[in-house]
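First chain A sits with chain B, and in the next complex the same chain sits with chain C.
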Partner chain A sequence: MKKIILLCLAAGLVFSGTAIAKGKTLRLALDADPKTLDIHEQLSAGMLQFSHIVFDPLVRWTLDMSFEPRLARRWERIDDKTMRFYLRKGVSFHSGNPFTAKDIVFSVNRLKKSVDFKGLFELFEEPVIIDDHTVDIKTSKPYPLLLNMATYIFPVDSVFYTGKDNKGKAKDNIVKVGYSFAKSTLPSGTGPYRCTYREHGVKMLFERNSDYWDKKSPGNVDKIVLSPIKEEATRVAALLSGDVDVISPVPPQDFKRIERDRKVNLFTVTGTRIITVQMNQKRSKPLRNPLVRQAIVHAVNNDGIVKRLMKGTATLAGQMSPEGYLGHDETLKPRYDLEKAKQLMKQAGYEKGFTANMIAPNNRYVNDEKIAEAFVSMLSKIKIKINLKTMPKAQYWDEFDRQPADFQLIGWHSDTEDSGNFYEYLAMCPDRKTGLGQYNSGNYCNQEVDKLTLESMVETDMQVRAAKLKKIERILYDEAAFIPFHWQNFAYGARKGINVEPILNIMNFPYFGDLVMK
Partner chain B sequence: MRSWQRFRQSYFFYSFKRDPVALGSFSIFFFLFMVSIFAPLVAPYNTYDTSTYDIMDAELPPSWMDDGEERFLLGTDIQGRDLYSTMIYGLRTSVFIGVGAVLFQAILGIIVGLTAGYLGGRVDSTLMRIADIQFSIPYLIVAIIASAIFQLAFGVGRFEELALPLLIVIIGLSEWPKYARTVRASVLGEKNKEYVEAARVIGLNRRLIMFRHILPNTMTPVLVISTIQVAQAIMSEAALSFLGLGMPVTKPSLGSLIKAGFEYVFSGSWWITFFPGILLVTFTLVIILFGDWLRDVLNPKLYKG
Partner chain C sequence: MFAFIVRRIIQAIFVMVIIAGIGFTVQNKLGDPVRDMVGERVSVAEREALRDKLGLNDPFLTQFGRFVRNAVHGDLGISYFHNKPTVDVILSKAPATLELVFGSTVMILVLCFPIGIYTAIKPKTWFSRFVMGSSTIGVAVPVFLTAITLIYIFGVELKWLPSYGRGETVDIWGWDTGLLTADGLLHLILPSISLSSIMLPLYIRLIRSEMMEVLETEYIKFAWAKGLRRYRVWLVHAFKNTLLPVVTVFGVEIGILFAFTLLTETVFQWQGMGFMFLEAVERSDTALLVAYLVVVGVMFVVINTLVDIAYGFINPMVRITGAK
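Up next, the complex of A and B:
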């Protein structure tokens, strides 16, 4: 038996050796592999990373938050509700079918059917084909974020996904649980790589698309081997021992270790996910007092959390919108000042403090449990005693909606990469019917914020819009509507000779097609 | 005074004095036990009070290493708590849970075992089947269900105060069949002896016979398993806390300290796990060693000349 295993190992070595000799292979380890092969089935960072490998979006974000043309060569606004996209010619899918405007119509319609994406594409109407390579994307209301949403439109092969499969089911079905053609067939996209093999939870193989349209892409990786490694320490060990070339995410406690090691490099990008704690004004009387809320914000040493707990892997926040967002206001600085906090408590008449409770997840955000624990310790210094209960994310979101606690921790990433999304979900008066303020468990409610947010949703003049968003951010800051902590950074570890930096961006979707490997 | 005299002249004390393992393990155990009982006096900081530490002191190494500070002898954990104080408080929690859970399971187990053994018949088989069923349910599942129910019943806020009694009940509940079985076996051996029959002949009632006459004669094995059970309960608590089902994060026990430090072992902050780990191992080891010696001494079949 031992001999056979040895033989197998030797054979494996020989084969992998020849594979490396032929071209460059990138061995990539992520915390999880894509859940499905159907890119319209699930909205998650993992799926969008996968989409960027096998498909191409119409436009994509650059590192400095501007748009880069991809399958759309250029675009222009026709009117408030219409944007015309001029598509790239001579692009074909992995199946050989040519890419045309029909695929855009098919993809947008499919996105509107998908449970996960339909919220984002609610305002979108069926695109109108002008000719084979020109298409009008329309929305039912004036929509300033149409281009932001175009980064989510990865055209899929309409010919490949139309018709019936051999089980008699429609090929374009989107099924979350159970069989569907799209989720179990290797996909046909236009992207830099074709997916050639997949064993869920074990391995996924991608091979360079030799007919890729973007001849200017500097990418020189011929093959990507993606292996999911769930355990953080194991993932880091795999990188350090040279078993894999690139890993992500890198746990903060191992940053130093990777920086110290001469064989590997660490790359971090400022992320846009804000970590906050909401103060429930409906449940707790003291929290209705803006002075108390101000005191709490002043008592939170979020700088200490960023430095000590996050080890500098987060960007200190004083507001919701990160830099680059329209609502970001540079004058809104973090406010840690314990003396002032004590004073404010005195002013509010809560010198002796009060008791409250808090819930937080323990496996959703980086160091979430420890952040909550530190928060409890910080508030005890202004005599607010907090009973903390942490729980796994599987339980947490149901609890979050029930609002059993005065303080609840939530991290939020704006899917549209726009400030408006923060306010819509986290700051507007909660309204069960319209879904506005759906994750505002603080029950903060200010009519002006509501009005401005609704206006900004339909304002297409970017300057006017920015002014409105900044005003909202200022109001939230002045009234201490929530407690900001930091924006989580993304981290990648890579072996020397692989420079991941140029392919990273604020959304944590690395563009592996452009990766250069030495 | 006379009973003390009797104790001093007993074989038990005689062999205790002569056995270095027993002497050593008992004195370490006694020392740690006292330290944990008087934790507020011994520990330099009360780390269960969240306002006494600061995040800016987080992850300082022990005082004799570079960057270490005089204030924190064994360094600090990730929240900035003094590790030395936290370990003492953690040990205290572990001792409370260990002793509490053993008392709980011993009382429950002895009553069940005594009743089952003495009454026999249908009562016996019913009670012992219940014990079998209880024994086959892993305490982890009991812990998960119980904490969910507790939370529903008392709300999120009370969890912090109720975690300790809850853990005692959970660990106690899952281990009582051990006592029940042991006691029942001894009772079966005792109940047909002459003194029991004599008591029955005089017309004493059943309860009196069970508790006054039979029970004292079954105490030897109970004492022996108790020592092991204390160690076991402390380790169960450590395991539960390690999984996040135990004490709240603001009141770390030894187990939760070990868990919190576990993530940092590879990254260089070894002390957060190392010192509590050593303490836990030492404490359970001395209890087990002492229990071992107790078994040898109290078992008449194992007289060692």
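Up next, the complex of A and C:
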């Protein structure tokens, strides 16, 4: 009998529970939900999107690539290695604990312990507290990108995450596999929303933080329901049927459908992830010849790929650095010219072409497999016959490191939103010991590029630095060090009445705290 | 009966060891689980350290031995993605899959018998011809397409039914069920139809042909001669004898039904074991994969055992294999 009563109660709760919701609720569907509740456990776009909802960074990027003060009100350079941050007063965490300079020290130290973040924060030293709301962030070497990195410092609640949990484990442990306090507890941040419920892979609920410090924020959404919908067609159908309000990503093949529908809108924002193919000079003799590489770059009709394959959802690229980056040189244009390509092949002595092989992922980047196929057919026009093998991303990166192919596709997003990161990972001579050129499977190696990249890492004069970065970009262009395709755009679909445009940015971390819903 | 069950248990253990072995062999081909755990920028040395910690660098036999030893104690490892014991993950996803299979089984059972019998008795009516024609198409269309078409018709255009997910669920003693809420039942309709679309045509055809065959037999002719009522001849004398092959096929096909939940669940974002499995493949969550294979192996042995027992009840002439 008792059980039956319980059952009725449970059923009653469910029926009544749905009617309570008041205020504005945003139903958001993304391709995946955050992997963990510990924002320092994994460095990925999904985790950073989550960080911007529940936490606040010290500073954040605006759409035009300048810094906007958030938890840091202002900052000043004390010397080459020190930046002083003046913190916002009267901010408190969701737990009620006040936000102070101690939390900055705690967070930076924790970032330095995290497997995923420690590489980015290698140069950072323990911050020095000046007073409760002033802190000096120091680096071991002069570091021009300190502010860029401050966009990754989302202060976490040091009181909340210190001590032992009821299992006797330290609360600040960062654990990749298995239990940790931080990943299994609803987080305490300073952000516009509190996370109130989470069922991993199914649903996540966020409620507006009524004590949010940013009173000027126009955001009027009271509640966010985040559901992951992995299948592209289902995600689009959920938006069109009105089951959800905002979706992302939107697959290129559905752009037209969403634009045609009068009840929904499509929003796109330029991204900074460059899609490239690297030419392995160690494996292939012809690819060692700059003329052949030039010929290949001239044979690739990346404009056609952007228009036909990507349906205009990408920005045509002729170099690594997108617009807004210091290394971007607008005179470096895409080079498609088939006649010239044939001529260059002739000049190089490869009129009759050669055979090569290629690997590419098939579920990592938008249309990656199709891009690789298009590339193969384009090169067949200059008589280079390519044997293509594609594979899922779970297998791809180990293969990529083994370098079994002459051509390897890779997309790269600069974590620092700075050109230097591109060169450091993709263009410098590969060196196992230092980790430089880690993803340069083309084995392109130029001492001058190496020298300039290393110099730019410690150059704090932004003008001198920009000149150096631009110089590198030009060398890579002239030597055809790699084949640029495009920068991937980000796409959002939203129902009428929700304008997501003001909250989008090139990093694809929408600032949902500022979203206005009609 | 007892000997039969003991034999089945031994068989089950044997099956599971083989499945686990196969699972372990293929997991290395699926990619490196550590890659999905860390960002793309993490250095080779850091990744190696993590692999060492997880025991992924040990020789094959050491890993397999450790797995079997833990499995005997009921521990099938920790999922790399869900950060929980794999058995817990699978059990938490099982209700969704079982309810989906249940929903489509009900749909199949409710529809296949009347339609199958009708088309056998009245093969020349337009309805029978229509059913036979469309069932060929039904078998040929992939479930993925059926599901997407249903979503677009009933979700996007007509807006009668929700397009994804399970809707409201209630937790009844650890069983997360959608069968008790109106919302949950609405969410169940489209996935169930999609999943049953694979089997329903098959069953209708099977029942129809069996029934037609039985109707030609001597004892049915005798029943007509006795002057029995039509419905008694059709439903009692003829129908009962068409059941045996149907049950045989059902035992095998329910396995296929589970296999097709993989696709159906992915299209509908239905949070069940099939969805979990495909995601685990994509994320090379090998611990979860192997555990899933073992659990599903157990389930199949159990289902087949039950089917074999059911056999004996329907037709006493068939003796349970192994029973003396």
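We take it that the second predicted complex is superposed on the first by the 497 of 518 C-alpha atoms of A that agree within 3 Å, B and C clash if a C-alpha of one lies under 4 Å from a C-alpha of the other, contacts with A are read in each partner's own complex, and residues count from 1 in each chain.
Note that in this section a residue touches a chain if its C-beta (ideal position, glycine included) is under 8 Å from a C-beta of that chain, and two chains touch if they have at least 3 such contacts.
Please read these numbers as outputs of a predicted model, since none were measured by experiment.
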Touching partner for A:P251 - first (chain B), second (chain C), both, neither: first
Touching partner for A:G119 - first (chain B), second (chain C), both, neither: second
Contacts of A:E373 with chain B and chain C, given as first, second, both or neither: first
Touching partner for A:K285 - first (chain B), second (chain C), both, neither: neither
Residue contacts with chain A in the superposition, chain B compared against chain C: C
Which superposed partner A:K169 touches (first chain B, second chain C, both, neither): neither
Touched partner set for A:K381, first chain B, second chain C, both or neither: first
Which of chain B and chain C A:L309 touches, first, second, both or neither: first
Touched partner set for A:A233, first chain B, second chain C, both or neither: both
Partner chain in contact with A:K451 - chain B first, chain C second, else both or neither: neither
Common interface residues of chain A - those touching chain B in one complex and chain C in the other: 233, 237, 392
In the complex, chain B residues that touch chain A: 49-51, 53-56, 58-59, 78-80, 151, 155-161, 244, 248-250, 263-264, 266-269
Residue ranges of chain A touching chain C (in the complex, touch as defined): 7, 10-11, 14-15, 17-18, 35-36, 42-44, 115-116, 118-120, 176-179, 183-184, 200-202, 227-231, 233-234, 237-238, 240-243, 363, 392-398, 401, 415, 425, 432, 435, 438
Residue ranges of chain A in contact with chain B within the complex: 232-233, 236-237, 251, 253-254, 256-257, 301, 304-305, 307-309, 355-357, 359, 362, 369-370, 372-374, 376-378, 380-381, 383, 385-390, 392, 399, 404-405
Chain C residues touching chain A - in the complex, by the definition given at the top: 29-32, 35-44, 46, 50, 54, 78, 80-83, 148, 151-152, 155-156, 159, 162-165, 168, 170-172, 180-183, 266-269, 271, 275-276, 279, 281-284
